[in-house]
Amino acid sequence: MNINLKSKLGRISLNNPVLVAAGTFGFGEEYTALINLNKLGGIITKTVTLEPRKGNPPPRLTETPAGLLNAIGLENPGIDVFLKEKLPFLSQFEAALIVNIAGEKEEDYLTLAERLNEKERIDALEINISCPNVKEKGLIFGTDPGRTFLLVKKLREVTNIPLIIKLTPNVTDISEIAQAAQEAGAEALSLINTVLGMSIDVETRRPKLGNITGGLSGPAIRPIAVRMVRDTFQKVSLPIIGMGGITCSEDALEFILTGASAVAVGTANFIDPSTALRIVEGIKEYMQRKGIENFEDLIGWLENSV
Amino acid sequence: MYQIKAKILFNEKIISGHYKMCLYAPGIAREAKPGQFVHIRIKDGYDPLLRRPFSIHRCEGEKIEILYKVVGRGTEFLSRKKTGNEIDTLGPLGQGFKISPDLKKIVLVAGGMGIAPLYFLAEKLNRENILILLGAESKGKILYLENLKNLNVKVQIATEDGSQGYKGLLSEFFFHLLKENSQIDLVCACGPIPMLKKIAQLSLKYKIPCQVSLEQRMGCGIGVCLGCTIKGKSSYLRVCSDGPVFQANQIRWKEER
Amino acid sequence: MNINLKSKLGRISLNNPVLVAAGTFGFGEEYTALINLNKLGGIITKTVTLEPRKGNPPPRLTETPAGLLNAIGLENPGIDVFLKEKLPFLSQFEAALIVNIAGEKEEDYLTLAERLNEKERIDALEINISCPNVKEKGLIFGTDPGRTFLLVKKLREVTNIPLIIKLTPNVTDISEIAQAAQEAGAEALSLINTVLGMSIDVETRRPKLGNITGGLSGPAIRPIAVRMVRDTFQKVSLPIIGMGGITCSEDALEFILTGASAVAVGTANFIDPSTALRIVEGIKEYMQRKGIENFEDLIGWLENSV
Amino acid sequence: MYQIKAKILFNEKIISGHYKMCLYAPGIAREAKPGQFVHIRIKDGYDPLLRRPFSIHRCEGEKIEILYKVVGRGTEFLSRKKTGNEIDTLGPLGQGFKISPDLKKIVLVAGGMGIAPLYFLAEKLNRENILILLGAESKGKILYLENLKNLNVKVQIATEDGSQGYKGLLSEFFFHLLKENSQIDLVCACGPIPMLKKIAQLSLKYKIPCQVSLEQRMGCGIGVCLGCTIKGKSSYLRVCSDGPVFQANQIRWKEER
């Protein structure tokens, strides 16, 4: 059988549906020593902001049951360094290149999008309106359908690059925000970003994170993420990149069968850098076993009756 | 940098709660430098979820050793691994000690488990040039004294209860040494943060170059996640890839506790 | 040292701050064979509704990483059977008795509250406005501050029993709902109920739960629950019963130091029926070690600096 | 009902992937009835999180045995437990088989692991009155034949590939038996749902009383959480406390697959 793993997210073409998630793969440099980046479906960069950001005070990580709580605070070198030092490196791979951006206010997003507009090699921008770890207004866009709509609409006007909107799970109804993004002209949706959480060291009586609260990722949140993919898939027609706790091909297939057109591996990169590539193989093996030739036929392929 | 399934050649208790594990890891053994570490996946599944970092304690041929203390679930589970088990190991990682060959008097200051990387360093240096200060709570908790004697290096000891050597904190002992001895070219220290802070501040005060090996909770271990940072003089520094060994003057000690 | 474990939730007095959570302890009968119910701080009953409910189709449970996904669907024998068969049994213990109720519409809640009003032995009602597993409007109260306010206000008018409002985590801002409950006259708050989730069996391509989606509980959600206790503690003065993934005294203390006046053990009852009693002992031991005589001094006792 | 830390007396492989574990559990051994089960906490921590239910397979003095197949993480971990380890065990739980002493011909139908509780039942009944039907994929996968022979009971076998006994499904074999033999007083069955469904429907059709032992994912194991229900004729039934043994006519078989 001739397995075809290609997937499309609107105008974005992927060689295979397995990406690496923002902030868990840096700008790719470090992982080249361990895996072949050409075999990834796509690379989503660490969030880039207009100015360099120092990030939050340490400790920035703590482990929770089946989860990782982080409060990095979007530390990154800023757009100038990104363009000069990171983009050329990232441009050499066959994987789709998706640049994740965030701003403190609307103009930041617009300026970033404009500056990235000309770069041919960039396949899409992922708009982070959902980072829980910054003190500024970042999160507000992502929890408000009206502001999401306006932001995406304006971005759509300043750039022609496909826009992927990254949604936060910390809302009452994620499909509302998804709908707003769709109406404003987004190409695709990424979900979910991390779930707000915190943890206390009861001996020192201090929060385990310097920032007090952080974002929960890893297997613990997978059921939450799958459910949000379902809510969104049912109400919105945009293609979805599913993420949240994916560690193996079964996990990835949970998202895909529920309606995701692609998946992204986050925390699991830290645990096993070969996770994404193992998932590509696992999906292939599953398709072979189930007699499915085209990956796109897997998307939303749930039995009707329960 | 290698990610391998390393076979466990032995995993033995050395003193209560402390273990030594030997892994067959040719690539890592070949490249490892004192101060570097390996990032180990204790077990499959998600309990614990993340890898755990351990200093490389020795390299011999195609084998590496780590020395570890059981402090939580991960190390507890590690201590129950058997010879012949395989364990997913990533390394060698990070920046080790940087020592120019012309230094004549190097003091290695090891608090508790701090001996793990410093022993590797001692093995690589000219025995004549080094003095090791070992600190522990009490006599029974001094790690690795026998092996150090075999190495034929000068060792001095401080115990908090005075049951062996100097009675008091290692940093106090170090302070006495500094006052008596102005000929030190370099201090290399590893141990708990409060101790390192004092050693670093004393060295800086006495204008002696000092390198410290630091710890922080890690995610990726390779510089990607920005999760393991500590406060440096001008910006945050990644323990996993900017360190774990830092020049003492890179660190903003005031904010460490 | 003379350790005093008593805690107060408004007018509700607890011998100790460790309760068992709704739906994880039934009506207490089964656990009498295994533990001494007199030693619990309080027993919160399974949700009782006006009419008997059959609940959701099986399978109703599935395990997820460090979590349990359930879709029981509020199966219960209804208020008549509760009053006749369950209440007399529950009335014999020293533990505070809290009856959890839910309705499909406002009048259901009011009728239930009226029927329970006269029962002297009941220390409080826990108002479940947050069950994710019923198809009716149950959840709508819990996600809408206005409706929460109205419901609590009306309940307050029909009964004098202390009212504990049980909040859902599936909202953008839990403290808003908490505030509404406070303004309407609630005595205390319980948080959190389960987090909406789902899980797929990729071999059969069916959801693992008969109800498709379910509620996630267990250690996986603890960081989320602690964070919501913090949000609520900071903005609302009502006492809080903290719950979500508590398995031992350290877990319980995370909630208490963050601001909970009591905790409830849920899923962990299934894993080890003695969990709640072990936690009572563990808190006592902690207080001894820290030199704290009165439990109430532990509440919100975090170090200021981080 | 007891919750105890039961010492493992042995834990041995019987055929590939199948194990027998013996626990020291005096209280449970004293009270257990055939068809009841124990709810076992495989290990501390949260991977796996919940207990796992296993039928009581034998009781002898102060010991109980379970027979289990490795199908996932929990049973895999269980299979690696060693003699002398202790394991948190809750039981005996649930409703067992209910058999009046005057029944003269009882057929026990065991598909695969279904033999686990039925062996216990066979031990307790008058050997003369029972016939055991064992089903398996192939000869090599027939469980427990030796022990049954020692018990001195009549055993008949069906294998899907015909490598021993009747060639075909156990339920077909049972159908042949029913047609030839109208003298059956009671059928007791345990095994996979599709098999049980057929056995139950055939028994009902032939108006032979039938008891089945069912499985469902469990939470509490003691009737509290309402998580283990199956569809009964008029309402949902809890497998853990209304069962696991049910009268075949209590179940809404149409909705089982």
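Each chain gets a letter, A, B, C and D, in the order it is written, and its residues are counted from 1.
Just so we're on the same page, a residue touches a chain if its C-beta (ideal position, glycine included) is under 8 Å from a C-beta of that chain, and two chains touch if they have at least 3 such contacts.
Since we're looking at a predicted model, the values are computed, not measured.
J.: For chain A and chain C, which third chains touch each of them?
T.: The common neighbours are B, D.
J.: Which neighbours does chain A have in common with chain B?
T.: C, D
J.: When the C-alpha atoms of chain B and chain D are each averaged to a single point, how far apart are the two points in Å?
T.: Going by mean C-alpha positions, chain B sits 55 Å from chain D.
J.: When the centre of a chain is set as the mean of its C-alpha atoms, what distance in Å lies between chain A and chain D?
T.: 47
J.: Rounded to a whole Å, what is the gap between the Cα centroids of chain C and chain D?
T.: 36
J.: Send over the residues of chain A in touch with two or more other chains.
T.: 57, 65-67, 218-220, in rising order.
J.: Going by the contact rule already set, what residues in chain B reach two or more other chains?
T.: 46-47
J.: Indicate which of the five shapes (line, ring, star, complete, other) describes how the chains touch one another.
T.: complete
J.: Can you list the residues on chain A that touch chain D in the complex?
T.: 65-66
J.: Which residues of chain B touch chain C in their complex?
T.: Spelled out, the residues of chain B in touch with chain C are 46-47.
J.: Going by the contact rule at the top, pick out the chain A residues touching chain B in the complex.
T.: 23-26, 30-31, 33-34, 46, 54-55, 57-63, 65-68, 70, 72, 75, 218-220, 247, 267, 269-274
J.: Within their complex, state which residues of chain D touch chain C.
T.: Residue list for chain D touching chain C: 1, 3, 41, 46-51, 88, 90, 216-231, 235-236, 241.
J.: In the complex of these two chains, what residues of chain C are touching chain A?
T.: 57, 64-67, 69, 143, 170-172, 195-200, 202, 204-207, 210, 212-213, 216, 218-224, 226-227, 230, 245, 250, 253-254, 257-258, 286, 301-303, 306
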